[in-house]
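For reference, the structures are reproduced in the following blocks.
Look at the two complexes coming up: chain A is in both, with chain B in one and chain C in the other.
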Partner chain A sequence: MNGALRIQVSQLARRSVLRTLRQPAQIVPALVFPLFLLAVNASGLQDATNLPGFPTDSYLTFVLAVPFIQGALFSVMNSGTDLARDIETGFLNRLALTPLHGAALLSGLLAGSFVLGIVQAAAYLSVGLLAGAELAAGPAAIPVILALSVSITVAFGTIGLFAALRFGSGEAVQGLFPVFFVFLFLSSMALPLDLLTTDWFHAIAAANPISYLLAAFRSLLIEGWEIGPLLLGFGIAAAIMAVGMFAASSALKTRLVRT
Partner chain B sequence: MIAVARAVAWRSIHNFLTNPAFLAPAVMFPLFFFVSFAGGLAAIGDVPGFDFPSGYTAFQFVFVLLQSAAFGGVFTGFAMARDFESGFGRRYMLAASRRSGIVAGYALAALFRSFVTWVILTAVALVAGMQVDGSGVDIFGLYALAMLVNVAATLWAAGVALRVRSIQGGPLMQFPVFLILFLAPVYVPLDLLDGWIHTIASINPVTALLEAGRGFISGDPILVAASFAIAIGLTLLFTLWARGGLRSAEAAG
Partner chain C sequence: MTTEAQRTGGIEVEALVREFKNGPRAVDGIDLEVAQGEIYGFLGPNGAGKSTTVLMLTTLLPPTAGTARVGGYDVVREGPRVRSTIGAALQEAALDPLLTGREHMRLQTALHGLGKGERESRGKELLERVGLAYAADRKVGGYSGGMKRRLDLALALAHRPRILFLDEPTTGLDIQSRTALWEEVARLAGEDGVTVFLTTQYLEEADALANRVGIIDHGKIVAEGTPTELKAEIGRPTVEAVPREAGERERMASVLSRFGQPAGASPRGVAVRLEGGESQLAEVVRALDAENVAIEHLQLHAPSLDDVFLAKTGRSLEGAAEEEAEAPESEAVGSG
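After this line comes the complex of A and B, so read on.
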């Protein structure tokens, strides 16, 4: 990275991080909502562990993977809404008049998602472990869980950037939230794939990448060190990030031509 | 008052039916909840001690029906807040001879949007093989209960919308409803809940509504008088709440 690009990225990253930290409305729901659902689901579905073949006797441990994905979904909204606001207020147009590199803009904007991802992951893991969840892989897995969570959060953040650049409206970005929630709901969120007894639901969940992101977290929480699910989880996050960045870069070019 | 209510309801229903941004979430959200719960959690019906005679699909249908009733009211509250934020609400206030008719109009619109959702939800549930063991009277009781929940939720949301008069009050309308719904026996019957969730669910009025609804669909009605008393009580309470909101909006000019 040359000096100019480094300065551009750091300035935009600083702005993105400060902007995220100064908006409790972005941070609080991203922390409270997943933790509330964690508490309700962990208690309400504890009896699911009595099903033959359920991988653990603690539903809390099983469902602790879910807040990491829910938190990442908030990243789509936050990164996308921030950029959409920049478009709506004309800030992007002003940036376009500077010699700013497109990659610097996108990378810098993701810094807010990165920081929020760390805060979220630390909060979910701390609350989960304090509430009695197990961590089969031991304390050494904590940085891996944080890294996986941040990777997914940033990867989903790129989709938010793409949506903002493509539609140029915060309302359109907000409208994506239910769509992404559908992906979460149609996954192995509540029960392991093997215990999804409804055929069509099993087929959808098995094809849904979210199921494998959840499996990566669960491998560390329930099984211990299993390299396969972890590699798959990081690989899917990397693939989403690559596709999201490519799409956002293309949309940025189009957006700048338009303006 | 009836003319005011009819005019407000007509505009709200027209907006609902002609704007996909309003229509789609109202219909899609309950369907996704239903698909996710009834499809993804079907194995919960095999948990030892789970003995709901009509099966897990019917068990979850009742929750999603009551949830859609409550959120139909909340989403109408959003529309009301948006109208007041944009200034349209003030024009209603100037034009209406009886201002309580404005709230009544929104409540009628909320009922209509819930009816649309229920028709689609019920059709999907029946196609998915939901077992209905209740008689016609039982099923009427189930939908009557859902209607009361819808009216109560609308009046709650209207009270907030009229006080805040901005869409920024949305979380304030939505979150308490979400909270009280999910602190009830959503996934398994009350008897199978343990710990803090059992304690809270035992005193949560929504539990009685859910148990009554599940009793209706399985043809074994329970807690009928209690559930209707709760639903009517909530409706009366939130009528006062909405009336206070109307006074607040009037005072704001």
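After this line comes the complex of A and C, so read on.
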């Protein structure tokens, strides 16, 4: 990365982080809503652990993977809404009049998602462990869980950037939120894949990448160090990030029609 | 052949066109030339094509046809060079309400590649220059409209551009803020030799600030020259009289019609453009007196840029603005 590009990325990242930290309305729901659902699910579905083949006797441990994904979904909305606002207010035109590199803009904007991802992951993990969840892989897994969470948050953030650049409106970006939640519910969110006995639901959940992101967290929480699910989880996050960045870069070229 | 505008920090436009899909030609073959250090006022109602022209000249919108050179660089083939030469404050100050004025300056100067030390000093200097040093660490969301416009101007100047584009910079501002901005713009052109391309729908702004004015309507430049030249082209002043008795309005109109063609007047008044110039004013008063038409109010209007607009388009600028506001929106990037 050359000097100019590095400065551009760092300045835009700074702006993105400041924006995120100065908007409690972005941070608070992303923290509170997933923790609320965690509390409801953990207390209401404990009996699910009695099912033969359920991998743990603590439903809290099993369901603790879910807030990481829910939090990442907020990242779609936050990163996309911020960029859409820049388009709507003309701030993107201001940036376009500088020698700004498109990659710097996208990377800088994702810095906000990165920070939010760390804050969220630390909060979910702390609350989960304090409430009694297990961490089979031990304390050494904590940085891995944070890294996985941040990777997923940033990956989902690229989808938000794409939506903002493609549609140019905050409302359109927010419209994606329920769609992503449907994806979450059609995954192994509530039960392990092999206990989903309804054929169509099992088929959808097995094809749903979110199931494998959840499995990566669960491998550390429930099983210990298992390289397969972890690699698959990081791999899926990387793939979503690559596709999202490609789509966002293409949309940025269309949106920034400067000569 | 290299023109003066190309050699220096000027603007040269030839047959510039911008068409939008399923819409009219927003800009319809305009030609213009702006010399270095000149303030060029681009005057017209909403939807006339002002902002679309600015977007093309600032490289943010490719022209459909024609050529434009800004600071000697072609806006289509040499976009990055054009952008390094210009500063722009586009319509509606595009600022981040969550950042402070100082943070805006830091971001803008960094993106323009200024060194770390220079970023701080340049930001400080510009904030002081536009009178915002006292509010530098306040979030922009709490700024007034005038403060936002001044910060917008400071940001446009961050990298010391030779050419400055200001798209309706004073729209919505109070008189005090407007005057302060005019003074700063005049100083930039007068002392620093910055070329200023200014769009406006305010006649008094073009009149007070611009060395030359181009009047645009429906995408075409309908008149161009110094404000004095344009007004001299219209030449004749207007006299407006209001009768003491409303019933005398018809008789007053009949008397005044001896002195020239009717012109726009207040609802109770009658106005004519004086064929013989302002020296006829005394004759007008004598004629009304001779016909026993009592006068409540009499006023002589010197020709204004609105008269020029009226003469060139058949509509007053205010009327045109209302017309455009009522018309259905077509696909357009800017409103001007």
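Just so it is clear, the second predicted complex is superposed on the first by the 257 of 259 C-alpha atoms of A that agree within 3 Å, B and C clash if a C-alpha of one lies under 4 Å from a C-alpha of the other, contacts with A are read in each partner's own complex, and residues count from 1 in each chain.
Here is the rule we go by: contacts are C-beta pairs under 8 Å (C-beta built on N, C-alpha and C of every residue); 3 or more make two chains touch, one makes a residue touch a chain.
All values derive from a computational prediction rather than experimental measurement.
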- Judging by the criteria at the top, classify the pair chain B and chain C on chain A as clash or fit. fit
- Could you say whether A:M189 touches chain B, chain C, both of them, or neither, answering first, second, both or neither? first
- Task: Between the centres of chain B and chain C, viewed from chain A's Cα centre, what angle do you get? Round it to the nearest 10 degrees, please.
- Result: 90
- Item | Partner chain in contact with A:L18 - chain B first, chain C second, else both or neither | second
- Message: For A:Q174, using the defined touch cut-off, is the partner it touches chain B, chain C, both, or neither? Pick first, second, both or neither.
- Response: neither
- Task: Report for A:S58: first if it touches chain B alone, second if chain C alone, otherwise both or neither.
- Result: neither
- Task: Once the structures are superposed on A, label A:S250 by its partner contacts, choosing first (chain B), second (chain C), both or neither.
- Result: neither
- Task: With the two complexes superposed on chain A, say which partner A:Q46 touches: chain B (first), chain C (second), both, or neither.
- Result: first
- Query: Looking at the overlay, what does A:L37 touch: chain B (first), chain C (second), both, or neither?
  - Reply: first
- Of the two partner chains, chain B (first) and chain C (second), which one does A:N93 touch, if any: first, second, both, or neither? second
- Shortest CA-CA distance between chain B and chain C [superposed frame, angstrom]: 18
- Task: Provide the residue numbers of chain B that touch chain A in the complex, in ascending order.
- Result: 21, 25, 28-29, 32-33, 35-36, 38-44, 46-50, 171, 179, 182-183, 185-188, 192-198
- Item | chain A residues within the chain C interface of the complex | 4, 7-8, 11-12, 14-15, 18-19, 22-23, 86, 89-91, 93-100, 257-259
- Note on the structure: Given the complex, residues on chain C that touch chain A span 58-62, 75-77, 79-80, 82-84, 86-88, 90-92, 94-96, 98-99, 103, 106-108, 110-113, 139, 155
- chain A to chain B touching residues, read off their complex: 29, 36-37, 40-41, 43-48, 50-51, 175, 178, 181-182, 185-186, 189-191, 195-198, 200-201, 205
